[in-house]
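There are two complexes below, and they share chain A, which is joined by chain B in the first and by chain C in the second.
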Partner chain A sequence: MEKISVEKLKEWALNLKLDMSDSQYATLQDEFDILLRQMDRINQTIDTTHVVPMSFPFDVTFTNLRDDDEVEESHRDEILKNAHEVMDGQIKIHKVVE
Partner chain B sequence: MNFETVIGIEIHLQLKTKTKMFSPALNVSKEIPNTHVHPIDMGFPGTLPRVNKKAVELSLIACQALHCEIDDCLHFDRKNYFYADLPKGFQITQNERPIGKNGYITITIEGKEKEIGIERVHMEEDTAKQLHYSTFTLLDYNRCGVPLIEIVSKPHIRSGQEAAAYVEQLRNILLYLDVSDCKMEEGSLRCDVNVSIRPYGQKEFGTKVEIKNLNSISNVEKAIDYEVKRQKALYLKGQPIEMETRRFDEASKTTILMRKKTSAVDYKYFTEDNIMPIQLDKEWVKQVTSNLPELPHQKEIRYQKEYGLSSYDAKVLTSNKSMMLYFEQLVKFYHNYKIMANWVIVEMLGYLNKNNQTFEQIKMKPQELAQMVQYIDEGKISSKQAKDVFEHLMCSEKTVDEIIKELNIVQISDDHLLLEVIHAVFNEFPSSIEDYFAGKDRAFGFMIGQIMKKTKGQANPNKVNQLLRQELEKFKK
Partner chain C sequence: MGYLDQSLEKIHQDLKEHKVTVTKLVEEAIEKATKLQKECNAFVTFTTEDALQKAKELDQKEITENLFFGIPFAIKDNYATKNVLSTGSSRILNNYLPIYESTATDLLNHADAISIGKTVLDELAMGGSGLSGATGVVKNPLDPQRLIGGSSAGSCAAVTAGVVPFALGSDTGDSVRKPASFGGIVGFKPTWGRISRFGLYPFAPSLDTVAFFTRNVKDSAYAFDILNGYDNKDMTSFNFPKEKVYSKIDGNLKSPKIAVLKEIYETISNPEIKNKFDHFFNQCKKLGIQVDLISIDKKLYDTIYATYMILSCSEATSNNANLDGVNFGNYQDGNDIDKAIIATRTNGFGELIKRRFIFGSYFLSKENQDKMFLKAKKLRRLIVEDVNRILNQYDAIVLPASGNIAPLFEEVNPTDRLSDEYLLLENHMAIANFGGLPSITIPCIEHEGLPIGINITGKAFQDKEVLNLAYALEKMIGGNKK
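Our next item is the complex of A and B:
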């Protein structure tokens, strides 16, 4: 598996809004290196072609659906409290489309 | 060079539920902004989505009507993207296991039927409504979390006309089933179209261009027709057709570039782990899918069989749910189905178009229209008089009898009275009798005109016709 570069780590850190030092990047790169080597080893020893991803720890289904008449209102003030700026009851943001 | 057009259509449809897909907030997007938003819609920490039973029921109904294979175990996935219209950072959708797949609907173009395959029908949640101004954007989360189904067609559509017929047929079916209110202009039915062209005989698809946000069925057709022309022109000039998203510009009737698709967006789908797989009760699924109301094409066949209507009339009557409901009321009151269908299709539709109204706004009760047609058949009023009565009935809640009285409409059908008038006309215009026997056709019409004039248009035309011929024959003898 391809080695993870520091540039790639910096790009992800920026996306995740993490501020990290150079030594932390170096540690992270080493850790990724170990992880990827372990994954490589698993891939070489176990054939996972027909293995279904285990999204849930147990193979169970449940039957519960919510009835359409359980109405709960209204959280407007709490929702708008989180916004930096509100205008006419709507959240105002920078325009990101042309 | 001859080209083949290949079109695939994705339709997003808002479901007619009381609450949202995963939260108990009300499903009403037209209210005061941000008044129907639940912490689940915003993806606040600690919240858990719960699947709306009615949304599942409506999805099952849609799948059944579109002849889909139904997956009775619900699985949801996360489609990850970072954008303000979904504050969770992902949309809950069904990527791996759609509730329905491999369906079809049948469209009719110029009398020919064609099957259009449906790739998949999956459930998901709607996003917030964004209002873009020159320098900022406003967000209303009322629409965020509204239940949707996305219906993806197979690339079986070959022209703008077929695309319009497909959307119209789909819309009609879903309206009949009360799955959605299907209002394209309000966004409860949204349509994205993928168009590509390829030289005839070529197996590989050409580069597809997506046209977004088409707000009417006629625009679907216009946008595709323009886009096909544009792509052909590029191809013939040797210029590349690029993968891009365009929008239809109503004013210029062209498609305009929105953005180029340099690479496919990676949504990093994975299982929605907050919703365990839900095994639907098989009996419930059976009950929901086996009780579908009669669909438009089934009604069309029945109208021809039961009411003796032409296939055209049956098609027009079933093309609009409100019109169909009106007609079904009408037939309960009188049996001259063909004539009643004519009044609905010709006069009523004409009146509504002229006055920019819809069937929901009609004041005339079906029993009154039925009564009016019965009066025509019985000779109580003429067809001409009926048109006056009809105009008055359309804009009032009065009965036919009240209108007839108000307009002072009387039809003279009494033989004795009519004969008196006929003889008065003979005395006044003896030359017309001679003209008639000299073979001048106009003379007969002239005498009818004089009789109508003398009776102020109230003489029963059929009766006048019959009596006038009878009296003229007497001269022969």
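Our next item is the complex of A and C:
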């Protein structure tokens, strides 16, 4: 069975833009062991070669499109109340272009 | 003593006969909620002033036939409520004031129900214990040494304690139906797509369902009537006419047949509990219900937990990628935008959901997608096809909602997940989420003075039939006395 290294876990965490303590990574490593052991068992016992993956409970196509009505809504002030810092009616963040 | 631990019908009757006012009901709810908060930590936010104001207004109006008129209720804090703190029980959203109202809460507001507050959940609905909410652990009102279960922990505690007769929850794996078992109340998850999820924070949208707690089955039927129907704000909402089932629930059954899944049922390890459920099924037979203990492919059903983990963690990772604190949420600064977002998410999320996100990232990674994510989707189909095959021959699958009473906090052992009892008996209710099926838990037996529920799962879109069977069983068990 594949053993997941803490370094790999840290890499995935960073991809998700978050970090954890060393003891938390150790707990996660244990959980991975349990789940991957289960998956190993499943792979050995259940053949899914010709099974079509199921993404939603029912095989239906949703076509609930709204009418193409022209509406004008502006909730800018309300929306900006939730932002941490606002300047000139816009959300202010660190410079992202060097 | 009070009104709020009674059925909607009884409270409504007392309102109509002017034995009580809406204001008195809200005052009772607030008083009980305050007490519950001290003992069990069920609420994140109280909306006392708004509730009392609305009660005052309703007391000036004529009482309609609508059973929700003036009824205090509670809302799981993963529903967006306009201008009311909606935290998802996560530190990352602890200052978030939505500018819109979820469809479910909007429908309840329009039905003149009165929200008294938002309840604690396992952070962002990921978890089944009530232990991981940002504002602390939720305790079981029946025994505060025990957990109430989750993720809809606070809403379940509020109905269990008689604070409100109805509370909104949400159900992705069993997040309403499992706690209902530990609280000795009713928890109903309707068919996926029957109730709009607009404004319900997405956890795993292919599984998430608006669900709720009541004190009896008929109240759940009434709540379903209020909440079901098409909503063009939710693209997975079914374009069906609104269904009214409450008046059709009479408990009369025509040649009912139920299936008990042998390999799950027989994993109950406590003989006393097993005997009590055996007695329940014998009672069913005396009522004229055909009860068949049927065999299933245990190897397939053993995959429920792993399948659920892979699907739910993968969907959750993707759905919560927008929580970065920039547009909304609890922003933490850093030297640049990347460091700021890492600081925000590291500080904002609790340990459990960080681990789940990393699981999701692993399952979705290019090298693992086929062998994990796609595999889980295929297993989901095999399980659903098998469950639907059984449901084509039976009216419902009926199984204990849990193998035991609510655990003591000291007994919680998250690593004990490979035992047969945990894998099957404690996870089987996720089949209703895999298949989008209507599923309800009602109180059934007592052990050491605490409840364990029975779960009833039926065919997709047969919400009425599931409620009717549940009502018949509730009458047989002797519930719904109030």
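The definition used in the following text is that the second predicted complex is superposed on the first by the 70 of 98 C-alpha atoms of A that agree within 3 Å, B and C clash if a C-alpha of one lies under 4 Å from a C-alpha of the other, contacts with A are read in each partner's own complex, and residues count from 1 in each chain.
One rule holds for everything that comes next: a residue touches a chain if its C-beta (ideal position, glycine included) is under 8 Å from a C-beta of that chain, and two chains touch if they have at least 3 such contacts.
Values in this document were obtained by computation on a predicted structure and should not be read as measured data.
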Discussion item. Quick check on the superposed pair: does A:Phe56 touch chain B, chain C, both, or neither? Answer first, second, both or neither.
Written reply: both
Worksheet item: So, A:Asp88: does it touch chain B (first), chain C (second), both, or neither?
Response: first
Worksheet item: In the superposed arrangement, which partner chain does A:Glu7 touch: chain B (first), chain C (second), both, or neither?
Response: neither
Worksheet item: Which chain, chain B or chain C, is in touch with more residues of chain A?
Response: C
Practice prompt. Quick one: classify A:Asp22 as touching chain B (first), chain C (second), both or neither.
Written response: neither
Worksheet item: Thinking of the overlay built on chain A, is A:Asp69 touched by chain B (first), by chain C (second), by both, or by neither?
Response: first
Item to complete: Go through the superposed model and pick first if A:Ile42 touches only chain B, second if only chain C, both, or neither.
Response: second
Worksheet item: Who does A:Val96 touch here: chain B (first), chain C (second), both, or neither?
Response: both
Practice prompt. Check whether A:Ile34 is in contact with chain B, with chain C, with both or with neither, and answer first, second, both or neither.
Written response: second
Worksheet entry | Doubly contacted residues of chain A, that is, touched by chain B and again by chain C | 53, 55-56, 62, 64, 66, 75, 78-79, 91, 93-96
Response to the item:
chain A partner, complex, touching residues on chain B are 17-19, 23-26, 32-39, 42, 50-56, 73, 84, 131-141, 270-271, 273, 276-281
Worksheet, complete the sentence: So, in the complex, the side of chain C touching chain A is made of residues 95-97, 99, 192-193, 206, 230, 232, 234-237, 239, 299-300, 302-303, 305-306, 309, 317, 321, 324-329, 331, 334-338, 340-342, 345-346, 349, 351, 354-355, 357-359, 361-362, 365, 371-372, 374-375, 377-382, 384, 415, 417-418, 433-437, 460
Worksheet, complete the sentence: Contacts from chain A onto chain C in the complex sit at residues 4, 9, 12-20, 24, 27-28, 30-32, 34-35, 37-39, 41-43, 45-46, 48, 51-58, 62, 64, 66, 75, 78-79, 81-85, 91, 93-96
Worksheet item: Across the complex, what residues on chain A touch chain B?
Response: 53, 55-56, 60-76, 78-80, 87-97
